[in-house]
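For reference, the structures are reproduced in the following blocks.
Two complexes follow with chain A in common, the first pairing it with chain B and the second with chain C.
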Partner chain A sequence: MAPRIQPQRVSNALLPYLTSSTSSSTSSITPTSTPLSSPILSRQFSVTPAPQTRLRRQMFLWLTTKGAALKHHTPGETNYLTGRDKDDKSGGNPRPFPGNSSFLSESVLSEELRNEIYVRVVEKKKSVRAVSVEFGVDMKRIAAVVRLVELERRQRAQGKPLALPYARAVHEMVPTTPLAQEGEHPVYHESINDLPAHPSTGAQIFYPVPESRSFNRVDAGRVFSGAPALEIDVAAKISHPSDLIDDIVQNPNSIEWVGKGGNARQVLQPADVRIPHPQLVQLERDRKAFPNERRTVTERHNERLKKQEEAEQKRREVAQARREKSVQHVEPEGGRFNYRIQDAKFTKETVGVDGRAPWAPGRRYGIPADDRKRGIVKIPTRVEA
Partner chain B sequence: MRNTASTSLSKGKIRQSWSKYNLYNLQRFRKPTTASRTFFQQKWTAKAAARAYHGEQVREGQWKRMFSKHIRSVIPMNTTDLAADDGSKESAGRGSGLSETSSRNRSRPIPFTQMAFAPLERRLDVAIFRALFASSTRQARQFVIHGAVTVNGQKMRHPSYLLNPGDLFQVDPDRVMYATGAPKTAFERREARQMKQKSAEPEAEAEAEAEQTKAKPETTEKESAKDTLRALMSQAKTIMSTDKDVLPAKRKQELRGFQKAVRRVLSRSDTSSVLTDNLEAQFSQLTLLLNAKRAEKKPAKGSERETQDKKTSPTSTKSGEAASNALSDAFQAAAEGGEVDTSELTDEEFDVLRHALTQMRDNPIDHSKPYATPWRPRDYMAPFAFIPRYLEVNQNICAAVYLRHPVARPGSAEVPTPFGESISTPAYGWYLKRRW
Partner chain C sequence: MVLRIRLARFGNKHTPFYNIVVAQARSARGAKPLEVIGTYNPIPKRPTNLYDGNAQARPYKEVALDRARAQYWLGVGAQPSDPVWKLMTMAGLVEPKPTTFHKA
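The block that comes next holds the complex of A and B.
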């Protein structure tokens, strides 16, 4: 057994609440160090010494000496095994594991920043894209924050229990991205223009190009996806890969396809198009082209953003309308269900070559359902939101 | 309680757990020696160490089916660089740029093999542990099995459910507070026992008490609200009993939910939440009171108190004993709902008192809870406190969104693992179909 610490009654009722006045919920009780030399003295009812293996002794020795600092945290500071002094090694991000230098404890959004994002998106009706650029927060994260804050508000209104002291404690232990005060330069949370490595770029390809020709990112994408080189007159029209952005943003289906059947694939587009915020490349190019006309640059940028948002909105509406059209709602009077009836599509992909594939909709004679069989995984693969 | 079966000192394996035993093991872990060992032995040791941490609750065959040699990675792009040229400079010469010192060549290598166990991070139990909602993956697993976890608002009882990007999972806040909070002391456990015994006594007394509380003039407003609720509830009951066959089931469900809600409100006076209700009222009153007193006192604050008082931290009980005694007296008076004598307190102490009262409102002493109250984080939690970027967590409601699958980027990998390349690379090689 571990050396028992006698439960010391805290006489001062104020103690657990009184901590540093900034903000903290840590207990202020200083770690009571038990004298290790006399573990027997603390056991009043036992004559025989407690069985302590060498490893246990070493562990408790470490916990009372070097490890004692890890027992409690200081609000606003991380308290990892690697210590506080090594924090500046990796751009300010501390490393929680001493054996792994490539894992960083990255900061989380502070409560104020989270609420500010919610206010911007929901109350001020700013677009997710604009807020993402403004705070340097990924667009997916913005959507998640809005969802979570919405849920939190609803739960507060309903009077459901919250874990407020826990939340405060976690935000004290973990690095956080603060909300910039007015007039301050905003602190960017993360890189927003992450380019996912496409699997087709993994191949090493030997592709000879005449020196007289310039080989740019558009050409590289075509080579990686096995598409023929662009015609000279078409290539001449593209002065920079970012020229492709407008067309593809307006109509993503305009991307060229290569290959046949199951091997069909879209031509790999240059990084300028594939990043989450392609409009920022155009903005940078405009800034370079018109260094003294800030207003024009901003106007052009805003116009582009507006067009992009309109296109996205339109696409969403069309998709929604198509979905609505394909589903027929039936609600029998006095019944308990709302039936959604969708026509089965009878194609090779949906029902197989002979129309009897196991994944085809409906019950078919001679094709048993697997949903109750032994050895078939019944764990759901998705939960509808 | 640590899992004695899985966290042993003699084996020294690292687990996904916040136990102090695990912390000690983590601290003393050294990378295994490679000298005089065959490549197979090296891979075996590395894989054993890595699997003890990653998905120790998952069978080996199950994990082998999950393993994928394809690893997700991203490159953060700089829009200024992209705008500067069209990439033809990089491909000039023999295909890698004319000048050697291009800015993009200086990027750090991507630690691909550190992502070997990325598929396991999709599991619901692991994600709950990573979001700091449970003190170990095994505990997270228990929460899921016991029905304390919802995914997208629906109860999910499979710890091996693989989260999809955009899934929102939520754990019961009480369980999270229990998992991450300090355990009760013997004294607190006894208090809870006594409280339980008291509440188990005949209900006649309770009813009598209820009658008494009704008589009190100050609670009339609340009582009237309660009366209306009661009326509503009886109404609902009558609807349920008379029109049982006519009503559609959906409506019945709604009614039942409504009944439940009403019952919860009505039964509040018997449970601990009445304490918090009272605290809420007390708190608002007290802050008003304190503000008033403070405004009175402000002109007189000049030279009475020295700056020393500011230095005496409220936590140290030894120094400035008299002052803190006054403070604690005031606090006690405030907590019991009496008149607060604040004339003896300094400005600093005023702030401390207010701060303490705020915290008391959010974090009350409540012996009915399974954790030590007021809640405080358990010991040795901070060394394990980090939240990976592929999760977005809201601690207030104990909910998190699985944003995307973890990725590697130049210089860092998002899968939290205590092992370096010397373990993860041989382990990755072990699971490849065509082993190295």
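The block that comes next holds the complex of A and C.
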């Protein structure tokens, strides 16, 4: 069926509000010389009639009264529907949703701060961990900033266009974390030592402990993961859960395993160990213990940080070398593609006795591929380098 | 009967994926083979983690191969099909297949 064409003229009342210029766009688009007898030409967007409903009338009323104030923003202040805050902070009202006053919009990194992060990590060769503590920015965010600034620099070098006016406009309208100048106190962007609740801590366990025994977070982690209690002499050596940090950070494989087969799991470590920056706990404890030896405390902290980074670096290199050893890179001449030939072992151990083990390399015979089944997550959960 | 080392197609429509298999030459492509000795994913993957040094890296295709089993089957007279011959040449297991024509 052909679309029904209504003979009357459609008013494009919204158009002046959608464009930035205040001049009437309807008249500028529609040539005035066009006779009104050809209604198709006079309509720009749609052939269906747009009747003035109550809601449309209310919308246009709002656009001319209350909404008119939101049409232009003040740089450095938010331009949310909730309007200006009563106590009027410097960054404007942080509440974007009128119906949800407990939601506060978080600030984003300012241009200067993100460039400084890139300079410190890439040019000054500081570790991601150290930069994260300096600026109070999550380590994952640091990594993302480095990747994105790298990408931006490459695009600039290639002469690709950047959406700079858009970025500038957005940065003017959202709260940003500024880069602290020399001598200023740094503004921390976010909390960096957050720890998600571990699922195995959700269980309610009744675990009677004699009053004479000390029961700390280390013991609680063992109870949650179903591991036997520590030997008394081993437990006596741990005066505080943060004593475990050094050993585990240096050698994560030293964490004990419990359970058998598919139920095998590592013993849940205390939160002091699992947080992203465990060395900060040690630093704070040292500061409390030796309030007059600030310099020694800082030196010890830096030493620990260095040792931790060296251990992490070494672990990464070993893992990379192991991966590379089993892969042969072939670059055929004149071809469009490279080839990566991975060593695989198709033995009883790797593919199972009947060659059908689900973890075996290759696709299996006689086993349905469940990739179209409901509930099978196909979104990749990791990125191979 | 001749043993062949050949590709067996898996995967869905437009997403081919091959097992490199040792099978009797006259058996069906989808039949159960004597042995699976590798896999070949012909859909090129774009390398991630690019920086200025390797920004021009070419896309790559993934091959997994059990070299010991491939050498054994070649030693007892299994004949690779043409595509498998190409892959095995790249892995350094067989000489390049002699061609009847020469590129100018």
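Here is the rule we go by: the second predicted complex is superposed on the first by the 278 of 385 C-alpha atoms of A that agree within 3 Å, B and C clash if a C-alpha of one lies under 4 Å from a C-alpha of the other, contacts with A are read in each partner's own complex, and residues count from 1 in each chain.
In this section, a residue touches a chain if its C-beta (ideal position, glycine included) is under 8 Å from a C-beta of that chain, and two chains touch if they have at least 3 such contacts.
It should be emphasised that the depicted structure is a prediction, and the values quoted were computed from it without experimental measurement.
Asker: Identify the partner contact of A:336: answer first if only chain B is touched, second if only chain C is, both if each is, neither if none is.
Answerer: both
Asker: Report the partner of chain A that touches more of its residues: chain B or chain C.
Answerer: In the superposed model, B touches more residues of chain A.
Asker: Taking the superposition on A as described, I'd like to know which of chain B and chain C A:72 touches: first, second, both or neither.
Answerer: Only chain B is touched by A:72; chain C is not.
Asker: Is A:81 contacted by the first partner chain B, the second partner chain C, both or neither?
Answerer: first
Asker: Using the touch definition from the top, say if A:212 reaches chain B (first), chain C (second), both or neither.
Answerer: The answer is neither, since A:212 touches no partner chain.
Asker: Based on the superposed arrangement, let me know which partner A:181 touches: chain B (first), chain C (second), both, or neither?
Answerer: Neither partner.
Asker: Could you tell me if A:344 is touching chain B, chain C, both of them or neither one (first, second, both, neither)?
Answerer: second
Asker: For chain A, which residues lie in the overlap of the chain B contacts and the chain C contacts?
Answerer: Residues 336, 383-385, which sit in both footprints.
Asker: Note which residues of chain C are touching chain A in the complex, please.
Answerer: Checking each residue of chain C against chain A gives 10-12, 17, 19, 32-33, 35-39, 44, 48-49, 51-52, 55, 57-69, 87, 90-92.
Asker: Spell out the residues on chain A that touch chain C in their complex, using ranges where they run on.
Answerer: Going through chain A, the ones touching chain C are 150, 154, 328, 330-332, 336-346, 351, 355, 361-363, 365-366, 369, 371, 383-385.
Asker: Hey, which residues of chain A end up touching chain B in the complex?
Answerer: On the chain A side, the touching residues are 7, 9, 12-21, 25-28, 53, 55-56, 59, 62-63, 67, 70-73, 78-81, 90, 96-106, 108-109, 114, 138, 140-141, 144-145, 147-149, 151-152, 155, 160-171, 173-174, 190-191, 193-197, 199, 209, 214-218, 220, 239-242, 270-272, 275, 277, 280-285, 288, 334-336, 379-385.
Asker: How about chain B: which of its residues touch chain A in the complex?
Answerer: 9-10, 20-21, 23-24, 26-27, 29, 31, 70, 72-80, 82-84, 86-88, 91, 111, 114, 132, 151-154, 156, 158, 160-162, 164-168, 170, 173-174, 176-177, 180-182, 185-187, 248-250, 313-315, 317, 324, 327-328, 331-332, 335, 348, 351-352, 355-357, 359-360, 362-363, 374-377, 379-389, 392-401, 403-404, 407, 409, 411-421, 423
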